[in-house]
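Below you'll find a set of structures to go through.
Note that chain A is present in both complexes that follow, paired respectively with chain B and with chain C.
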Partner chain A sequence: MKDPVPLTTDRPGQVVSATPPAPGRSRRRLSDRGLAVVFVSPALLLLLGMSVFPLLWALYLSFTDYSATRGGPARFVGFGNYTAILTSAQVHQRALTTLIYVVGAVTLQTVLGFAIAYLISRRTHGRGVLTTLFLVPMMLSPVVVGLFWRFMLDAQFGVVNSMLGSLGLGQVEWLTRQRTALVSLIVVDTWQWTPFIMLIALAGLTAVPKYLYEAASIDRASEWFRFRTITLPLVWPLLLIAVLFRAIEAFRLFDLVYILTSGGPGVSTETLSFHVYKVAFLGFNTGTASAYGILMVLVVIVLTQLYLRYLNKLKEG
Partner chain B sequence: MAVSVDEAVSAGPTPDRPPPARRVRRRGHGRSVLEVVLLTVLAVVMLFPVLWMIETSIKENRDVYAVPAEFFGFTVTLDHFRDVFVGADGGRSALSVAFLNSVVVAGVSTVLATVLGVPAAWAYSRFTLKAKKDQLFFILSTRFMPPVVVVVPIFLMYRQVGLIDSKLGLILIYAAFNVPFTIWMMKGFVDEVPAEYEDAAMLDGYSRLQAFGKFTLPLLVPGIAATAVFALIFSWNEFVFAIFLTSSDDVRTAPPAIAGLIGGTTVDWGLVAAASVVFALPVLVFAYLVRRHLVAGVTLGAVRR
Partner chain C sequence: MRHPKRVGRTSVSGRKVRLATAAMLLLATTLAACGDGQDDGTKASAPKAPATIPELTKDPLTLSFIWFDWPPAHALEDFANAEYKKERPNATIKVNTVPNANWHDAMFTQFAARKTDFDIAILDSQHIGEAVTNGNILDLTDFVKKNIDVDAYNPYLLAAYGQFPQAETGKRDENASLYGLPLLGDTWTMIYRKDLIGDKPPQTWDEMISVAAKCQADNPGVSGLAFHQANGSDAAAVTYNTVNGVYGGNLWNAKDRKIDGVLNDTAGHEAMDVLVNKMKPLTAKGSGNWFIDEVNAAVAQGKACIAFNWIAASGGLLDPKQSTLGTSREQILGKLGFATLPTQKTNLVPLGGMGMHVSAYSPSAQQAEALNFMRWFEQADVQRKWAAAGGVPARTDALQSPEFLNAGPFNQVYADSVPRMRDMWNVPEYARLVDIENTGVNAALNGAKNPKAALDDIAREQQGVLDSSNRKGGGGL
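Showing the complex of A and B:
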């Protein structure tokens, strides 16, 4: 039986005016095109003013020897800043640190996050509670995360060393040794962002149609075979998006380094972002820092393009 | 439709293990136990730092630095929480001022981003604009710029126009960082409302704008609320712009203020923990409220299924 309910009344919270206005009552109606421009342009203007214009300014500064403290007119130096940065051994070292950090952290997060999501997706009870609990680290501010891990990893009174001690293991200087500091940074980032991968992977896992598994179990396919031929191929596109997203975020990471290690000891945990900050705000070489920043932006643009391309593919596929 | 935590509870592959032979069932059972144990261990590892933070915030100072660490049986005190809000002289503490600043900055920037972003999202959803896809991708990519890079020219710009160390400066930059998110997130919600509602209203004599305001907008309210909550969380947690663009106590937001607690020679970790708990609590509550939209929210509105 069909009930011809009018479209406008079957939704709650909808205000239905009893008397529609007579056509032509409004003096000047905006065309659709005009309306679109009016609605879109304020947002675009804000973005132009706060994102695009600053970047263009940085682009200009990157060709000069301007210094924010010294003041005075900026002298044009051509590609001098760029060649200085691209040939600097210091920068190469920071690039390597960043690479180790990004690859290490994102790999760990992906493996752990996917494992947790897979385990949760196999549970029948308590999935909501489990998911919610696992998500807590991700919602915390990097400031809170950095500070708190700094406290926990303290060599003298930190709880981590205390637990290692009661297990009869030696003490580790987590944040004050060159090698371990970078590992600590990776561990903390992994702790915070594993839930991110888990959440996306879980979304992918729960979207796998059940009948595929049923068909496979009728065919007596092994668990591993099912995982490899059904689960992984269906979850992979979504997981790839999550991984790329994390890679971009990890590449531009600044706050955690600033709070947890301040780049130290020495320069062992100085990522590219942190180095830009030092050149800009401690060295006051604004021109050089701008060139440095523009180069970083180029990397981010390449990564973002990759990300958006996969996103597009996911949406269309 | 966005995948939500709630859906994850009910839907999905149920343990499809029709056990004909007993041997198989026992093996499956052992494996299930192993999985539960593994999950429990992982959950404990992930949640321990949070629990430890809460514990530290209610410990007395001598217990905070106890070696070996005390897990149970310490004296509970709320002194640190009092110190978060009440200054040494009995007046308002610098931290409480910072919290208030955070509320203002995060709140106003969220309103601004919503007011600018929602109409734009609607326009992007309903109209055919020139190079629409490119525009949307450009909008999202501004959100991925490294903050440290953007902050250098923003710093110079603000210095020129006198926005350095002002709440308005922070509000503007946060709004600019939340607009791309709002547009992407809201476009998903608008796409879910059939355009036919507006067409029908326009047949009744409403203008396009009235149709949007009277019929589409009320249906978007839950989506707008969820989007605003995420924008609120992003602004609330933001640190990089806050630390470089503000310096005085009466402008500074909570993240740099809390980070400033470890600047001195001695660090009151109990206070740091209490301030962190106070800071994180609203975020967790808000995140719980929007748990249905978490997947879309944390991917900046990009992933929706």
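Showing the complex of A and C:
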């Protein structure tokens, strides 16, 4: 007589079926693959319904002159919308504004974020409290941030000009002059998002093995040498990923512009996203706005791909 | 040895089949959605409201309005709930408000969805064309004929808040359709500091500028002028249009739909030069983004000699809690004067205010209640009570009534300004036209553009919008 098949294995939690399902049982058990499909399908359906379908729908509309308010048939215009956008002087101007903004804001945030993270990482006491305090701006809604900075930067009643006045300096028109308005946007965005870079950089800095520094100390390496040859190379890849996230976010900036400057003076702080909003909702030119949006997505995808390739190369190197 | 089959991987052909199925599903859904869009292919036009108000429900009902957030919106809700409830106890009035900058979008995105959470849209007079062309609001022509005493109104006020196509300035076309009824009349008032410039307000625009310049020079810390300059809503555009009108300019030739060459003619350029080179230097530093609230704040804090603002938004200036000019209304009125706008080559003033329009997507019971509310609101005695509650009525008898004229020091200004009003363009492209003008004028006021180039660009771009209806692609740029 054969020994009975054990019902459990040595490993706890792992159950082995003793016998095949009884013939004639009406309920079929789901296979692993079936279970996987059941679990994945709600998320998949949500993704298809909320992301993939709207994207395809926008892609379709981008080849038409459809207007959401006018209704009527969506006339096919081929690449007319795309050609108009790519050749429009208005779009070129907004693209340049966006580029200046992205480069300015992300560079400033990276330098400041890394510097703050480096200083915090060298502290042994109060590191947690400091990190939490620095993270507060990031947790606020951009609309709230925009509103209180709008009050603070007001040329007549704002606290910033009041402080400048008490230092004997003149009033600055922060939000109503061409140069200062864009700088103000960069400063406010930097105030809010530097903590993001700081957080990622801090994670990288704390992960650097201590023995490397110890070895460098034994060799009497200088502080600058240690920073240049140990800290920076090890944190750099992580920092670049943070830069990527921030650049994508900054590229689609809308809320701060809307609250702080409304794109002014004139259109000098209108970013691409703000312009898309105007095309989409002031004239309800849904077809053009869809094409505009698709082009912006394409730009982000292409630039991200190039960036990721560079990151991979860095990793291989 | 047999390798176990890897879980989760299927054969290449199986995956292809699934991918193809998913793609076909998406394509089918997309085409179905496209088909739905094309079903709307009939030419849009406003559906007609019945001439007679249908039977009203006895069940509890909330009649919803949509407006932007400012004092008259709250006054309307309080007034309607206090007075309309006497006639319809089962009805509650709710005035939903949005920030001024989102007002157009909040209404028209709902119209685009063909479903609204409001029954009565309070549209700016220039929004009517867009709403009518898209079939978003009811045609009230027959209803008005049967229920409203049109002779009780200044014809232009009735036309401005309801007629489409737009009426000629100062007139009403009795054969044209009406899509709304007046809710709140409005225009600009000149607010001046009697204690700084004297009791007599300046009579001409040039005199006003020289008085403001002198006042600024004599009173350090007080700016000569305060007016709307922001690039949101219609702020900077209304300012330019006002000066343009006063200096004899025109916004467009409505008959030929021509803006380029009309707006930027000699009078137009003179108006832009006056605004940027003579008026702007008399304003406070950093006032390039000021709108209604900021101008009121400057006046209330005693920081401006002469200011311009909408009458309907001026009530707060007399509130001692919001002002540094006095501890009582009388004290404040001893320092502040309100007058009609100075004249120059013409006496035109901007038409403000809004009308009530019934959403085409509101349920029929709500539409019936909305029509009943409008009939009730336009009665002579209700208009007088509305005036006493802080509203600006449109009926001539209410405008001349003591209830209105005594309710605020600026109400006489409104009554005197009615025959002088001029509106902007009431066309479906309004939102884009006003945005172009706002950004252009704001750029000129803040030194981002040369005034002459700014006006020429505005005219060219606005003409492009009017001419772009048959363009293949790129509409909106």
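In this section, the second predicted complex is superposed on the first by the 275 of 317 C-alpha atoms of A that agree within 3 Å, B and C clash if a C-alpha of one lies under 4 Å from a C-alpha of the other, contacts with A are read in each partner's own complex, and residues count from 1 in each chain.
Following the convention adopted for this analysis, a residue touches a chain if its C-beta (ideal position, glycine included) is under 8 Å from a C-beta of that chain, and two chains touch if they have at least 3 such contacts.
In this text, all values refer to a predicted model and were calculated from it rather than measured experimentally.
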| message | On the A-aligned overlay, A:175 touches which partner chain: chain B = first, chain C = second, or both, or neither? | response | second
| query | In the superposed arrangement, which partner chain does A:52 touch: chain B (first), chain C (second), both, or neither? | reply | both
| task | Based on the superposed arrangement, let me know which partner A:83 touches: chain B (first), chain C (second), both, or neither? | result | second
| So, A:263: does it touch chain B (first), chain C (second), both, or neither? | second
| Is A:222 touching the first partner chain B, the second partner chain C, both, or neither of them? | neither
| said: Once chain A of both complexes is superposed, is A:300 in touch with chain B (first), chain C (second), both, or neither? | reply: first
| Is it chain B or chain C that touches the larger share of residues in chain A? | B
| request: Using the superposition on chain A described above, determine whether A:252 touches chain B (first), chain C (second), both, or neither. | output: first
| said: Looking at A:281, would you say it contacts chain B, chain C, both, or neither? Reply first, second, both or neither. | reply: both
| message | Once chain A of both complexes is superposed, is A:68 in touch with chain B (first), chain C (second), both, or neither? | response | both
| note | Both partners, chain B and chain C, contact chain A at residues 32-33, 36, 52-53, 57, 68, 156-157, 258, 280-281, 289
| request: Report the residues of chain A in contact with chain B in the complex, numbered from low to high. | output: 7-8, 11, 13-15, 17, 20-23, 26, 29-30, 32-33, 35-36, 39-40, 42-44, 46-47, 49-55, 57-58, 61, 68, 112, 115-116, 119-124, 127-128, 130-144, 146-152, 156-157, 159, 162-163, 165-166, 191, 194-196, 199-200, 202-203, 205-208, 210, 213-214, 217, 238, 241-242, 245, 248, 251-252, 254-255, 258-259, 273-274, 276-277, 280-281, 286, 289-290, 293-294, 296-297, 300-301, 303-304, 308, 311, 314
| request: Please name which positions on chain C make contact with chain A in the complex. | output: 7-8, 26, 29-30, 33-34, 37-38, 40-44, 101, 104-105, 108-109, 111-112, 130, 133-136, 230-232, 284-289, 297-298, 303, 429, 431-432, 435, 439-440, 442-449, 454, 465, 472-477
| said: Per the contact definition, I'd like the list of chain B residues that touch chain A in the complex. | reply: 3, 5-9, 11-16, 18, 35-36, 38-39, 42-43, 46-47, 49-50, 52-53, 56, 64-69, 116-117, 119-120, 122-124, 126-127, 129, 135, 137, 139-142, 144-150, 152-157, 172-173, 175-176, 179-180, 183, 196-197, 200-201, 204-210, 214-215, 218-219, 221, 233, 236-237, 239-240, 243-244, 255-256, 258-259, 261-262, 269, 272-273, 276, 279-280, 283-284, 287-288, 291, 294-295, 298-299, 302-303, 305
| Residue numbers on chain A that touch chain C, as the complex places them | 32-33, 36, 48, 52-53, 56-57, 60, 65-74, 77-85, 88, 90-91, 154-157, 161, 171, 173-178, 258, 261-268, 278-285, 287-289
